[in-house]
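Pasting a structure below so you can have a look.
The first chain written gets the first letter, and so on, giving A, B, C and D; residue counts start at 1 in each chain.
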C-alpha cells in the first residue's frame, strides 16, 4: 500500500478518496479541498471525517444548543461552561465540581457489555481531563419491552458492563434510571454520568500553548479498536451493515483506567501538566486538533512514535482508532522526567510523540514524510453547521387528543385491585434492585445517599487531601421521560428538568447546574428535528426560569431503526450543593409520630 | 504511649484503602500506608489488606497481587504472628498466598452483588473479633463477584472442628459459600479473612446502615495494647 | 458418550487486558522468555451420544449462540479422544 | 518462537456454577444431548524461543504458581504445532 503523503496529494490531484464511505457528504469534501487548496491525503481525510461527523461536530444540533448559552441565567457558580470537556461549578469553600452525562447507545446495542463499559470509561476520562478526581457515576438506561427477547440480550450485558467498569474504578454508583418501552428495542439508551471534584484554582483545560512544549500520549497502546467507528458506528444507523462492522467494537480495560486516574491526579499534584485532553471517539485526531486549535495553534507529531498494540496499523487507522484508556498531555520539556517518573510508578506507558509549534499548522509525519498539514482549527471548530428543516409530526395533534380520559376506568373494587396489581407488576414501577445490587454504592466511603434515595449525595471532606474543613456535600439526580417528550417535547424536556431539580431539592441540597443528554432519532427527518428543536427550546427556557445554567452535555442522534425513531428522550442531570452534609434529608419515614404534609397542588 | 500502628496496603487497583485508613483512625490507631512495591512493613503492629480490584482482578482475584514485593515481607511476618486482616480482595489475596486455606470463586448467582448483609460472629478469640460477643449478629456491606468460599472436604472439616470459621452469613447466603462461610482464620487466630466490609460500617453518615464494623478495630486495638 | 471441547479466544485484533496483565506479571515473578499471553475460555461438553456429525453441528450452533460472543471472540471445536 | 497452551479446569469435586448455568440454558435454547458442561480457562503463551525442555519446565512453574490455583484447579500443558 503506497503512503499517501502531502507531496503525493499535490501530484495526484484527481485521485478519488472514499469520503462517502467515511460518512462525508460531497459539499463537505469540497470544503476540505478549499481549506487545503488541494485534495486531502488519506490521513487528512481521516481527521476531517471524524471531526466533522455528527458525533464530534454537533453539526445538526449546534444552532439549537446555542440557546443554552444565550438564555443562560446569570450564575456566579459557573467556572467553566459549555464547550470544554465538562462544565465546572463552584461549590464553595474553594472547591469545584465537574460533571457531565454522555451517551453510548449504538455501541451498547452492538456489544452490550463492552459498549456500556466503555461508555463509563469515556465519561470518566472527560472528568479527569478537567483536573478533577472522579468521585461517582450514575447511569440512565432505556431498554425495549421487558419481555422482548432482545432485551434479554441487551440488559444484562449493559448492567454488567456499567457495574464491571465502575466498580473496578472505585467509583460509587449513586443513582440512575431503568425504563422499559418497546420504542427502544432496537435502540437502547445507555447514558452515563460522572462527577468529579477539584480545587477551584486547579482547573485543567484542553490546550496546547507554548512552542517547544512536548506532546505526550499516555495510557493504553493503540490498536484496531472501533476504526471508522466514530463517524460510522456512532452517528449513522447501522441496521444492515452491522455484521460487517462488528469486529470494530472497543474493549475496555478498567484496570488501566484506574491506573490512569491515580497517575493523572499525581501529575496534577506535581504540577507538570500544561494542557490535557482525553482520547474519546475520535482518538488521536480529536486530541491533536483540539489541543492545537486551543493553544498556540501549531503542533508537530511523529505518528511512528505512537505505541501500537497491532504493529500493522496504518497512519489513517492510528488517527481513527478508538482504543480506550488513553490521554494526551502537553508538558514543558523540563518537566518531562518528572512526568515520566510518575507514569512509571503507576505502570502507565507514556511516549513523547510531538511538540507544540507556532506555525498555525498541525503537521504529522510517517516514515519521515509529511502526511498531514492542516490548520487545526478547521477540523476542530469550523466543521459544517446545518439548519435542518423542521416539521411538526403529522400525528402530533391527534396523539395529544387521544388523552387518558378515553381509557376505561376501574369502577368496582375488583377492577381497582386489578389495576393496582397491574401497576405494581409493571417493570417500570418494579424494584430496580436487580440492577442496583450489581453496582458498588459504598466504595471510598463518601456516599451519603444512593439507592433508594431520589438523589445521590456525596460528602467531599474526605475525597481529597485538603478538603477536611468543609462540611459540604453535592447531590445529583438524572431524570427523563420519553412518553411526555413524545406528546410535547417542549414541556417534556421541562418536566425532566423539574423532576431532577426536585429530586435534588428533596435531599436538602440547592440545585446549581444542569447537564443533559439528548437522545433522538435521525436529524435528517424533519419531524425528529422538530422534536429536538422543541426539547432544546423547552430546556433552555426552563433553565432560565429556574436560574440554573446548562454546563454541558451530549447529543445522540440516529437512535432509530428504519424510519422508526425512539421517543424523543432528553435526559437531564442536576447537580446541587448542601452546606452541611450531615443535614441531608433521607427518604422514607425515619421516626414515629412525624406529620405528613403534601406540598404543591 | 504512642498509638498502635496499623499498616494499610495499597496495590495497583486497591479501592478501599482510604476507608480502611479512616476506620483505623476512628478507632484511635495510626494508619500507616504500605505500598505494594516496597519491601518494607514500616514496623507496623498489624496489617489490613483492604478490598478492591488489585490488578483488575484479572486471571483470578488476588492471584497477581500475591507476588508483590511487599508480600515477600508480609507472608513470613504473618506466619510469625503479626495480626493481619483481609477483607474482600484482601481475603482473596490471603487465600492465594496460602496464608488461609481454600479459595474464593465466582458467586453461585454469577452476578456481582452489593448489599447490606447479616453476619454471625462465630469465633471471638481472634485478634480482630475479641470485642464481639459469641453468636452476635452484625450487619456489614458485601460487594463482590467472586466471594464463594470453597475448600475440600478435609479442609472444611478441620476449619469447623477447630472453630476457625469466624463469620457465617445469616438470613440468606449471598454467594453460595460452602457452609455459609463468610470469613475464616488461621490456626493461630492472628490472620482473619472475610468477604464483608467492616470498614464501610463505621460511620453514621456514610456506608452501611450500621456501625458494626467498629468492633474489628476496637478488637485489634485491645489486642495490641494488651500484647 | 463423548466429550467435546470448545475453545473460545478473543479475536486477535481485540484487546485482551487479562492476558496483558499476566504477561506483565511474569517478569516480576522471575520468568522471562514469554513474549505474549492471551487468555480465553475452555468448555468441556459431555454428550449423551457419540460425537457424530449431527452432534457436532449442534455444538457449533451452541458455540455460536451461547458459548462465544462472536462479536469479539472466535471459537474452535474438537472431540476429545 | 513456539506457542504453548495451558488449560486450567476446576477440579472435578469443585462446583462450577458457570458450567452448570450453561448446561441449564442449553435445553431452553433447544439443544438436547448435552449432559454436563464445565468451564475453564485457556492460556496461549508465545515463547521467544523453542518449546524445549527448559522452556516447558518454566511454563510448568508458571502454571503451578500463577496461572492455576492448585487448591481448586488442575492444569495441563501442550505445545501447539
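Everything that follows uses one rule, which is that a contact is a pair of C-beta atoms (placed from the backbone, for glycine too) under 8 Å apart; a residue touches a chain by one contact, two chains touch by 3 or more.
Bear in mind the structure is a predicted one, so any value in this text is a computation, not a measurement.
The interface holding more C-beta pairs in contact, when A-B is weighed against A-C, is A-B. Rounded to a whole number, the gap between the C-alpha centres of chain B and chain C is 34 angstrom. With centres taken as mean Cα positions, chain D sits 9 Å from chain C.
The set of chain A residues touching two or more other chains comprises 253, 255-256, 347.
Residues of chain C in contact with two or more other chains: 17, 21-22, 25, 29, 39. Taken residue by residue, chain B touches two or more other chains at 55-56, 58-59, 64, 67, whereas all remaining positions touch fewer. Chains touching one another, given as pairs, are A-B, A-C, B-C, B-D, C-D.
Listed in rising order, the residues of chain D touching chain B in the complex are 10, 13-15, 17-18, 21, 66-67, 69, 71-72. Chain contact summary for the complex, chain A toward chain B: residues 160, 163-164, 167-168, 170, 253-256, 258-259, 346-347, 436-448, 459, 462, 581-582.
Chain contact summary for the complex, chain C toward chain B: residues 17-18, 21-22, 25, 28-29, 39.
For chain D in complex with chain C, the touching residues are 1, 7-9, 19, 22, 25-26, 29, 31-49, 55, 58, 61-62, 65-67. For chain A in complex with chain C, the residues that touch the partner chain are 110-111, 114, 220, 223-225, 246-247, 249-253, 255-256, 309-310, 323-324, 347.
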